[in-house]
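Sharing a structure with you now.
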Amino acid sequence: MERLLEQIINGLQLGFVYALIALGYTMVYGIIKLINFAHGDVFMVGAFIGYFAYTFWGFSLFGAVLIAMVLCALLGILIERVAYRPLRYAPRIAALISALGVSLFLEYFSSLKFVFGPNFRVVQPPLKEIHWNLGGIPITNIQVIIVSVVILLLLVLQYLVYRTKIGTAMRAVSFDHDAARLMGINVDFIISFTFALGSALAAAGGVLYTLAYPQIYPFMGIMPGLKAFTAAVLGGIGIIPGAVLGSLIMGQVETLTAAYLTSQMRDAIAFLILIVVLLVRPSGILGRSDPEKV
Amino acid sequence: MLEVKDLEVFYGSIQALHGISFKVNEGEIVTLIGANGAGKSTTLRTISGLVRPRRGKILFRGTDISRVPAHTIVRMGVAHVPEGRKIFPNLTVLENLQMGAYTRSNKQEIEESLERVFKSFPRLKERVKQLAGTLSGGEQQMLAMGRSLMSKPSLLLLDEPSMGLSPILVEEIFEIIKNINREGTTVLLVEQNAFMALQIAHRAYVLETGKLVLEGAAKEVRDNPKVRSAYLGELSFAS
Amino acid sequence: MPLLEVKDLCKDFGGLRAVSNFHLKMEKGEIVGLIGPNGAGKTTVFNLITGLIPPTSGSIIFQGENLVGLPPYKIAAKGVARTFQNIRLFKNMSVLDNVRAVLHVQNGYGLWQAALHGPRYAHKEEQALARARELLEVVNLASREQDPAGSLPYGDQRRLEIARALALEPKLLLLDEPAAGMNPREVASLIELIRFIKDKFQLTVLLIEHQMGLVMNLCERIVVMDFGEIIAEGTPREVSNNPLVLEAYLGKGAVVN
Amino acid sequence: SGKTSQTSTGEKTIKIGFIAPLTGDVKTFGESAKNAFLLALEQAGMKAGDYKIEYVIADDRNDATEAVNVADKLISQDKVQAIVGSVTSRTTIPISEVANSKKVLLITPTATATKVTVDNKRKEFVFRACFLDPFQGKVAAQFARENLKAKTAAVLYDQGNDYSKGLAEAFKKSFEAGGGQVVAWESYSKDDQDFSAVLTNIAGKNPDILYLPDYYQKVSLIGKQARGKGIKAVFLGGDGWDSSELDFAAMEGGYFTNHYSPDDPRSEVQKWIQQYKAKYGTVPDALGTLAYDATNLLLNAIKTANSNDPVKIKEALQATKDFPGVTGKITFDANGDPVKPAHIIQIKGGKQVYVTTINP
Amino acid sequence: MVIPILRRPIVLGGLFGALYVVLKLLGLVGLINDYWQRVLDQALITTIGALGLSIIYGFAGQFSLGHAAFYGIGAYTAGVIGKVWGHGNLAYFLLALLAGVLMAGFIAFLLGIPILRLRSDYLGIATLGFGVIVRVAMENSNKLYPPLGGATGMTGIPQVANFDWIFWFAAGTLVLVCNLVTSSYGRAWLSIREDEIAADALGIDTTRYKILAFVLGCALAGLAGGLYAYRYPYLHPSSFDFLKSFDFLLIVVLGGLGSISGTVVTAIAWVFLLEGLRIVLGQAFVDWRGIIYALILIVTILLRPQGLFSGKEWRLLFPSLSQDRTLGKEGKHASFGG
């Protein structure tokens, strides 16, 4: 029983880590309908910048998160400018291929010796892990931080998208660029902003990720990126709470499978459940599946 | 107020406008009629900045806006209700209207504009909380027009506002256009429903495959035999 | 036996009853108009008949057979064809292929014939080509058969949709606002076209339209809906003098020319 | 053999190919091996016997398809007579198939899978410088039973990695054969970063030993998380641990089997460490060390045969006896696998400390 | 009437025959060494697989990110037959290829029935998930049947697929696919890609055609996999994971959706690009290969967002075909979310 509880906590930690990445993913998707495969790689860049910031440049953890967010926001804007904007009026799949290209570029470029180098680096985040025991449930300060950040981001993003002027503009842009332009919305600016925001979220995710899994390397973004995206789809992509819900489910499924079924089948079962859920709810758990109005 | 000079527009290699020039004076309703594909929508899209012309000038109150981005043109006082309405289906009626006032920041003035829109379109007031996508066709058209008025435009571009509306709503919409105009907004109206358009307009232009072929006071245009046979149809409908 | 008999048809969307106790009987060769205010449920009736959405209750008997529960493609194969309110052509396919894509239904040849381009393939394709060209001729689009459908002017697209529907060799043709966005001149020629194809292909036509010119001119009988219910039914003259219809739909000015 | 190589000046040359993952997610392994390969050539003065050495470097991206292509390229386009590479079994197995069928010599520094040299039949032209999966697993099990007196062990390995899986299976077999009990047998996949579920299970079994046969980057993460889960077991692993990038703090107290010990006073060892450091600024890892030995074994055979004919070099290589490599005195067995001792190293006070040597 | 029927086989037969002879001659005089021969074979195998995805995505519009899984299923199925029973016997080789094709097609059928109801990105992610499941299955396959090798990979498949086989299989596949897409089947697929609802309402059994496209396309992936198994001496699960599916996807998209010619040219160009970069960059810049590759990818799609052939076809392959089937300005995917 106590083990089960501990496993559920393990699953929660994993789920919240996925959520950290999935939130940014789903934001960008919600506004521009682009599966931004480079998201996981921006996450990687964020983790590296954070690492440099706290190991070599003398920043605190908070400072490292901030600087990673700012630099990655700029990187996001640059990527959008160069690789996506020229494809604004092209078929959606073209942007997806461009995103794949950007993703590969970031991975291979980062592994050059004079960039980040190909090594797996062990990092020492400026935060000691503290273990608490809450009535038999083991909890660490890092878990607490990650959970709080996810909840905070969830609330902030919900507020931003549904309660602010720029959020409304974002939703308008997500529907139709021309219509948004006619409202006086600078569509290019809104999309840049969305990318900057998404990339900043990825960067924050990257730095916090190293707290839980203190190791970085240029290809570290692929799997978490893919899992987080899957989680976002599971919850209903484009829907902010859906990203968190999907992530938590993924986390539980993976953990419980590994713990009680077989660790070999962990990924297989996670994706099997994804497929089954989609068959029952074709737009994800929270997704509205309004049939196309004829 | 608006002066278009020698406008040429291309979609890729297809030329949609072959050098058209026309004028809209302050306080007028000017209508642009023409067959399908003549380039009416293209003209409006070019004025509001959605499409870049290859050649020609668009003077709005004396400044050339042919290279100005769409979102800036809105700020200058030009509002465009596009073909097919393009309301935001996933926003509520109120949010749609607020989107219309995106360029403005004075809360109180926005509130006043909102009241005016509700006065023109009382039906929208009943449905402020409803998602715009679930409105009926006529209501959506009202919303699109109301939304454009929220930017307090001095020039309103309307693209086929009567399309797909029931006869009673068509009348109502034209009534509203007249009212809007009476309250001081200049209107450039594109219509297939040439009967109605020519009834409320002051002046009219006829567009044929990207060229202007006729212009004049609305009444004259309506009585022109060529127009009668080409656009108004010489059918007598049984009733 | 009527060609089509719709009885007690209801459709709910969430809490909204979009179609309520709708009924309609159509004899072979009739042209019936379906009119009513925006949002009255007219298009929904079409969607129900063609099987795109399932009814909440009611029955749709076509040539003595209940269509309810059948998938759309089977209903189409039985002879019910339609056009769409917002044109739904296969935009990136050529004008010719738009028609031929539908023709294949009567144009069966097996996968092997298709893969190897066997003699049966050649024969059937030749027939299909001839038939498609014939239909394009009817709607006056033969000269544009190689152009992508999406590049046609709006009015031509509407007519291509009609040709595509005719390729099914339907017995019942459902037209959803075929004249929308056309000027009176174009409406007049559309009327001619509908008359012509009705005779040539022995069709029964049910059409939705807001342009009274077209409706009053073509239809022998008109059904008026409001809030999902039928509020009036009769000849054009009867309907246009009905006070309920005047109030809800035509307006006091009632300019039917 | 018709593979004559005479430069225009009449000088005799031999062409050596080098294959490793030089791009992609395990580029870092390929880089270590490449550094060592180049250093060995340089030390030899780009010469072996009377033969001037030319070399060609190629990347396999750790991809089986590319590995075949690249082997073909080196052999039929660049016309090499011998190849050093590749790093992982995933790419070395297909390369060995190609090289052996084309009668080009192949020596892999680090591919540990049995199939590399023998797959039903001995691949005559294929050799390796490292010991095989079964041997390391066996040594680790023996050390755990006899030196650490362990009774129970948990094993956690990468199911998609043949190296990791091979070691794990060999360890289990020997450990159980020696009377021990494997109480937990768990795995993960390549890109997992979170092991808490399986570690919680393992913690529940409270084993004496936690066997972690994988590369340093994975075990660093696992080690840290395992301690976080309150696992007190002694960590045990294989040569994959040997890297300066290992998380020494997390792995403190753990033991691993290795090819050599940096504490070993032999001059080959000390010279190697010192020269590598001087050239590349870091301590060489196991991959680099093996690549160094592999290259030197090859050069030595070329010198002995004094020929660029792969058949003659092959014979010389097969006859190698007590070659003084950094990883010990190397003799090849009939399968082309080296017979050499394994060293046990402990992570202690943030350093690698030599513990003992176990002979095969 | 007889003449047009015969004209095509003669034209195509002559075309491929001539190409074959030229390539063989080049090989004989030593202009194509073993390396370039291998690369050419890989290019042709990739072409077969990509043509499969072209049917599924380029024509029927079904977004699949799991194509490599079927490639792998074909490879393992065909491979294990050759390894255990075939021992280089040609009859077994052909039988094994057939088995690979059937197995890939059959699994596609079982998967397709439930899954093809999903749309656009959701379908993509579900097929991607299927790819992950297949990879895990391959990694553990030795527990079910040891010759499959599991995570250690499978060796011992007789390498009997030489250029002749691969070339003629590729040529045959190309003709077959060209024929299919110019038939009523091809038009039905395109109509589904363009507007599924309209297709349905106009009498096209969309479910059946989608499944058919999926099964045929995956069967071709299976064929490609089978040939791969007999040309490349080692099968490993990592050779068939989701990253490989992206390779097929980008070939089909860069070729231009709905263009067979584009798919063929891009598949071949793609393989030669990856290998050619080795030669161009030389050993001083080995680690730039991935970067240059990524940049070429980005630049190509920026310059030709509709793909290299943007829906056009070579007249040579399609004597009677309308010329434009590009995807339009608007992406074809349904949009969702908020």
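Order of writing sets the labels: A, B, C, D and E. Residues in every chain begin at 1.
The rule we apply is simple: a contact is a pair of C-beta atoms (placed from the backbone, for glycine too) under 8 Å apart; a residue touches a chain by one contact, two chains touch by 3 or more.
Listed by chain with UniProt protein names: A = Amino acid/amide ABC transporter membrane protein 1, HAAT family; B = Amino acid/amide ABC transporter ATP-binding protein 2, HAAT family; C = Amino acid/amide ABC transporter ATP-binding protein 1, HAAT family; E = Amino acid/amide ABC transporter membrane protein 2, HAAT family.
The model shown is predicted, which means the values in this text are computed figures rather than measured ones.
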{"item": "Shortest chain-hopping distance from subunit B out to subunit D", "value": "2"}
{"item": "Interface with more contacting C-beta pairs, comparing D-E to A-B", "value": "D-E"}
{"item": "CA centroid of subunit C to CA centroid of subunit D, Å", "value": "73"}
{"item": "Rounded Å distance between subunit A and subunit D, as computed from the means of their C-alpha atoms", "value": "36"}
{"item": "Centroid spacing, where centroids are CA-atom means, of subunit C and subunit E in whole angstrom", "value": "40"}
{"item": "Intercentroid distance (Cα basis), subunit C paired with subunit B, Å", "value": "30"}
{"item": "Sites on subunit C at which at least two other chains make contact", "value": "52, 84-85, 88"}
{"item": "Contacts with two or more other chains, residues of subunit D listed in rising order", "value": "23-24, 27, 159, 189"}
{"item": "Set of subunit B residues in contact with two or more other chains", "value": "90"}
{"item": "Subunit E residues within the subunit C interface of the complex", "value": "1, 4-5, 8, 176, 179-180, 182-188, 190-191, 194-195, 197-206, 212, 258, 311, 322-328"}
{"item": "Touching residues on subunit B, where the partner in the complex is subunit C", "value": "33, 35-37, 135-139, 160, 163-172, 192-195, 229-233, 235-239"}
{"item": "Complex contact set, residues of subunit E against subunit A", "value": "114-115, 117-119, 121-122, 124-126, 128-130, 132-133, 136-137, 139-140, 197, 242, 246, 249-250, 253-254, 257, 287-291, 293-295, 297-298, 301-302, 305-306, 327-338"}
{"item": "Touching residues (chain side subunit D, partner subunit A) in the complex", "value": "23-25, 27-28, 31, 159, 186-189, 191-194, 196-198, 200-201, 204, 216-217, 220-221, 224, 228-230, 245-247, 250"}
{"item": "Subunit C - residues contacting subunit B, complex", "value": "35-39, 85, 153-156, 177, 180-188, 191, 210, 212-213, 216-217, 236-237, 240, 248-251, 253-257"}
